[in-house]
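The structure under discussion is supplied below as structure tokens; questions concerning it will follow.
Here the chain labels run A, B and C in written order, and each chain numbers its own residues starting at 1.
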Amino acid sequence: MNNLELIKSALPYLLEGTLVTIQLTFWSLLIGIVVGLPIAFAQVYGNKILQATVAVYERLARSIPLLVMLLLLNYGLPMLGLRIPIFRAAVIGIGLRSAAYQSQIYRGAIQSVGGSQMKAARSLGMSKMKAFFYIIAPQAIRIAIPPVANESAIVLKDTSLAFTIGVVELLRQGEYFIATSNEPMVIYLTIAAIYFILTTIVNGGLSLFEKKYQIPGIGIEGGHSDAY
Amino acid sequence: MPTKHLLRIENLHHSFENEEVLKGISFSLDKGETKVIVGPSGTGKSTVLNNIIRLVPPTRGKIYLEDTEITSAKNINEIRQQIGFVFQDFGLFNHLTAKGNVMIGLTKVKKMDKNEAEELALFELDRVGLKDYANSYPSQLSGGQKQRVGIARALAMQPKLILFDEPTSALDPELTGEVLKVMRNLAEEGMTMLVVTHEMGFARSVADELIFMEGGNIVEQGDPEKLFTDPDHKRTKEFLFQLTNLYGEGEK
Amino acid sequence: MLDIFMEYYPLFLRGLGVTVFVTIISCFSGTVLGTFLALGKIYGNKFVSALVRLFISIIRGTPLLVQLFIIYYGLPAYGIRLTPIIAAVISFIINSGAYQAEYLRGSIQSISGSQLKAAQSIGMTKWQGIRHIILPQALRRVIPSWTNEFIYMIKYSSLAYVIGAKELMTEGKLIASRNYQFFNVYFIVALIYLVVIVIFVYLFNKIEKKVTIP
């Protein structure tokens, strides 16, 4: 079988896995937002105790490797009598990790808009809530887009770790196919190409969005994740 | 061609994207001379200087350093060692102390021994009055001090001449004096200098010759006193009058 | 839990040693690779620049785990058989090199072009200017990103577990499969990572304060 035919016959399985990868990414990012936003608010507007609690959470989520987290969730928790289905375990692990990074992004964005904007809004007689929604948020969201795009790509790539606890996502579908075809290189490269296309779409899509709503002079270079 | 000129520029042309900024500039500089180029912004004064050491290569024309034609010379880095350059924005290396800035050309380009280079660097810093600041980083220095380090760096390479590209125009008015004083001393010591500046006081009292450029051409050149008091061209008179009003007489 | 640690601490510490060793090698070698990539991207000719750009975006656009698999499981088909540790280190270097190249590129480009001009004005060649003037500044500016990368690498070196390289996570799994105390053992592993990372973060903050140029 030549490579092209091999890829052709593998593609349906790989695409099935891709779908699972996308689902993992979506749910993980959602958890990241749902948990990350309140954390950011707690950091910026919360009292000391709340801030300290949240800081501990961030330190933990940023220090424990995702792989260790996933193994703990999947193999460790059942020993305490808590058994979580693998897909959910993966989403919880990846999502909670991402929440810590996303909260940092949102916090940075809110803070970089600055207290003077809040003051100016309050001087017009806006409530704190109104000032946040009409003045702070519209600016903060724009600032947050590039790092959020970056974080989304990171989450997408990190979903490959779900492989280790048995989720049949893109990488594991590939493993299955390799077991029968014994052509690891071709399949892995195809998988890499699929990931590459997906991350390119994520980055490209969000940068399109960014361009449309851009404030001049703001842009953050993406890395693995910002700050430890 | 026999010549006693240290620097000779012949029919220099330069174009940026189809726009001709230099339309045939010719002049020469003898050893020990100080010439000052003045003229409105955008006339190509800085381009002349950049052309000479080929930080921006000229489009056409010839430049001679003594008897060597340097416009097409292969060993441009050797030629740059012989021609000092002082930048408008100082061009100090931000990761090096004042002393380090002066030393690096000596150790890395001239391959001078470190101790020897340090000695020379301190000597040159002393010459510009900055011995006490040898270990300061650029961000810890005032603009005037930065520019004096820039001059010390150029001097340390022991160049045959130094080009000054508006050395004081990035400085606050009260800081220009210290830089001009250093330049004046150099002129008196016999350093050959080609200076682009708006400092009329300096031009009038230090320059051996004033070159007035406009629109990519030399309009008039000659004794500064004559240009200031009785120029041949009306434009020269207008411009110098305007500039003197704008910047004052400067330091005397 | 403490009794498990006391019983197996030589194994945990051995694993931790490998983790730190792999991280250090990968990060420093990654800096070297990243420097060449960044220079190629900025100063290389069109062909080199485009090639480097493609390489960097492919590495950054694909999961580290997939890269690890390509090197460990993919290469043997072409006669290149690597031990798990070597395969892990190579893939980490490549991955880290691509990320560090981008940090460095940003850093180099934030240094104004006039610095290179000034270097050339005293007779330096372009390469001398890059080496003695641009890079020393760029590398210093990139330190915060570098330490960030180091912390990241400590965590992601755990992926070597998947191909059986005996770093901290793998040692943990081996211990757990001996005593079946999965939760306790993995919890200890997590704690070790936490402590090590907190220590490194603390150290890096100190170092960064020291090397800052005024």
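Convention: a contact is a pair of C-beta atoms (placed from the backbone, for glycine too) under 8 Å apart; a residue touches a chain by one contact, two chains touch by 3 or more.
In this text, all values refer to a predicted model and were calculated from it rather than measured experimentally.
Enquirer: Tell me the chain pair with the top count of C-beta pairs in contact.
Expert: Top-ranked chain pair by contact count is A-C.
Enquirer: Identify the chain whose mean C-alpha position lies nearest to the mean of all protein C-alpha atoms shown.
Expert: The most central chain, going by mean C-alpha position, is C.
Enquirer: Rounded to a whole Å, what is the gap between the Cα centroids of subunit A and subunit B?
Expert: Those two chain centres are 55 Å apart.
Enquirer: Hey, how far is the Cα centre of subunit B from the one of subunit C, in Å?
Expert: 46
Enquirer: Quick one: report the Å distance separating subunit A from subunit C, using the average Cα coordinate of each chain.
Expert: Once rounded, the distance between the two centres reads 21 Å.
Enquirer: Would you pick out the residues of subunit A that each touch at least 2 other chains?
Expert: none
Enquirer: For subunit A, which residues count as touching subunit C in their complex?
Expert: 59-60, 62-69, 71-72, 75-80, 153, 157-158, 160-161, 163-164, 171, 178, 183-185, 188-189, 191-192, 195-196, 199-200, 221-228
Enquirer: Residue numbers of subunit B touching subunit C in their complex, please.
Expert: The contact residues of subunit B facing subunit C are 53, 55, 77-81, 84-85, 87, 89, 91-95, 104-105, 108-110, 137, 139-140, 153-154, 157.
Enquirer: Within the complex, which stretch of subunit C touches subunit A?
Expert: On the subunit C side, the touching residues are 57-58, 60-67, 69-70, 73-75, 77-78, 99, 102-103, 106, 145, 147-149, 151-152, 154-156, 158-159, 161-162, 169, 172-173, 176, 181-184, 186-187, 189-190, 193-194, 197-198, 201.
Enquirer: Quick check: in the complex, which residue numbers of subunit C touch subunit B?
Expert: Touching subunit B from subunit C are residues 111, 114-115, 117-125, 128, 132-133, 136-137, 140, 213-214.
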